[in-house]
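Going by the order they are written in, the chains are A, B and C; count residues from 1 in each one.
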Amino acid sequence: METTFFTTQLIPALNRGLVMSIKLIIPSGMFGLVLGIVIGTLRTFGPSAIRKAANGYAAVFRGTPLLVQLFILYFGLPNLGIYLDAYAASVTGFILCSSAYHSEYIRGGLLSIKKGQLLAAESMGFSTFKTMFHIIVPQAIRKALPGCSNEIIYLIKYSSLAYIITCIELTGEGKIIATRTFRYTEVFLFLGFYYLVLVTMASFMLQKIEQKYKIPGFGKA
Amino acid sequence: MLAKEAMTMTQEKPILRVENISKTLGGKEILNSVSLSLNKGELKVLIGPSGAGKSTLLQCINFLLPPDSGRVWLDGVEIQNRRKRDLYAFRQQVGMIFQDFNLFDHLNALDNVSIALRKVKKMRRPEARDRAMAELERVGLGDKIDLYPAELSGGQKQRVSIARALAMDPKIMLLDEPTSALDPELIGEVLSVIHDLAHGGMTMLLATHQIAFTRSLANEVIFLENGIILEQGTPAELLSPNACTRSRDFCSRLDDLYKEKA
Amino acid sequence: MFDTLSAILEALPYLLEGALVTVGIVIGAMGIGLIIGIHMAVGQVYGNRTVRWAVGFYVWFFRGVPVLVLLFLFYFGLFALMGLNLSAFAASTLVLGMTTAAYQSQIFRGAMLSLPRGQFQAARALGMSDLTAIISIILPQALRFSIPGWSNEYSIILKDSALAFVLGTSEIMARSHFVASRTYHHLPLYITAGCLYFILTWLGIRALLKLEEKVRIPGYAR
């Protein structure tokens, strides 16, 4: 195996793809999490109509493949006169889909906080908003953190689907080179290695975050 | 009853007055027009079988459960629970202790006590810290300030929750069976804190099954059953061995129960 | 409007045939995952260091690489290298099966570890071999506890099966894309595809709930 193929062709292409992948992952991860917190909170404490709508949203996005969602955004919306480019469609799809999953963990976290703490906060004169902000949400986020971390890892891997709707990122660059050179095994193993590094690094960082906010004995019951 | 009310009126203005509180939950009448009042420095004890409405009454007094009807005065001012701001201000002056502590699980003992000082009373961090520290020392937990709820025993948790309430400088405290969730050997440490509070002149309304404690400290015993105040009087009147009262019956049954257990 | 409706109705039998292909992939993959997954879980819990390390590596690899890349790697690369000439359908099923095996092994492992240790000791005290104890005491309980996790895994693999489309497997996604690009009714067709997936998710989860109830051990709360 000569190394020039790797140094002059594969690695530069994959690095180019990596930049694109990161451009997909970071905004999708951030806005997906924020939207997920909002939707999870609405699903738990919202007025009945909004709660139903938010539950429906989560069920639809969790019950259908991400690929279908991306196809609807990229190929489907033009039927309605809405045109998104491949990047915008990908990021939109990732945000909507991952927020649905995040909302599930946030909701579980919120529901697991004992109701007595609400009473205790109110008995000291906390307003409803302050109770949510200082007492309930900080605990719910801690409880949801492992699930949400997992979801971020999923997002990193599923960002590869952007390539199918022609947003050429890491997987796309790899596929192009593999098809041109017929070196499928080497290229895709190498590509897999890129993702393994990304995923391993991300899980390490997320674990550090979890540890940082860990509280003795919290979240066991 | 009437004579008694008239008497307290002439003596001094009660610090807490509750009138005709009624509450129905899930179609069941829990409280039926309950009235009571406390003067400054008094300790009144609510007794009665479980399900009598003691918890509901205490939660209705500070509107954690809004009563269906009835009025509440604190220091002569009627509480308008419709105005949220007034309600929050009122609750800051009424300390509440729960049966199962309800500490905030994500905060250590010090922050459990200081969070309301900072977020509700807008106190600055160092001052809130000092105040919380002082209250924790007062309940004998000066060496446990860094521990989280999961690292404390039941008795310690309840003492933290008492410190948390005291830090708000309440005019009155409502205590909802503060020792019921504790193992027998931990009850003493909590009762002794309440004992000290009573001697320090804190006004308290306490629901409890601790009869000996009630006998020795209460100014008045209120016997609640099926949402109605059945009897009301000094421990001597209601609980002395030769009193023919429902309260005495109930308490002697409780005493038997505890003797069997012990 | 009428135009759209008739396009959907016309395509529906074709898409439903695709649904059968999808179901085939999912059942095949879940079955493969179950068999490999159980073995890996047992190996990881009771095996020696080499076995534990090998399973750990497998799980790390298959959980860290996107399914899409795995499909490409095996279909275009490794299967050919091994001299296997698999159809797109077989390749997708096998790759999805190997992927879910990594996840399923962790579900089973968690369930096995949650059993009280005493049972294993009691079984050995009765004279059972380790293997007999695992097969007749540990697994029957662990598998029951794994059903909720398994049901979750089912819904993930069902959705991942849409990726088989990139290898040219003629399942729901491929067929709806095919019809859409001819009729230009993209939106209605993909929504129809989404509905089919939604129904399949729902049906599968319901069936597994039924199964969970049926094999429940009386008084065994969890």
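Simple rule for what comes next: contacts are C-beta pairs under 8 Å (C-beta built on N, C-alpha and C of every residue); 3 or more make two chains touch, one makes a residue touch a chain.
Since this is a predicted model, take the numbers as computed values, not measurements.
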Inter-chain pair with the most contacting C-beta pairs: A-C
Centrality ranking, top chain (CA atoms only): A
Whole-Å separation of chain centres (CA-atom averages), subunit A against subunit C: 21
Chain centre separation (subunit B, subunit C; CA means) in Å: 56
Interchain centroid distance [CA atoms averaged], subunit A/subunit B, Å: 47
Per-residue multi-chain contacts in subunit A, two or more chains: none
Residues of subunit B touching at least two other chains: none
Residues of subunit C engaged with two or more neighbouring chains: none
In the complex, subunit C residues that touch subunit A: 60-61, 63-70, 72-73, 76-78, 80-81, 155, 158-163, 165-166, 173, 177, 180, 184-188, 190-191, 193-194, 197-198, 201-202
Subunit A residues within the subunit B interface of the complex: 113-114, 116-117, 119-127, 130, 134-135, 138-139, 142, 215-218, 220
Complex contacts: residues of subunit B adjacent to subunit A: 59, 62, 64, 84, 88-92, 94-96, 98, 100-106, 115-116, 119-120, 147-151, 161, 164-165, 168
Subunit C partner contacts - residues on subunit A that touch it in the complex: 60, 62-69, 71-72, 75-80, 157-161, 163-164, 171, 174-175, 178, 184-186, 188-189, 191-192, 195-196, 199-200
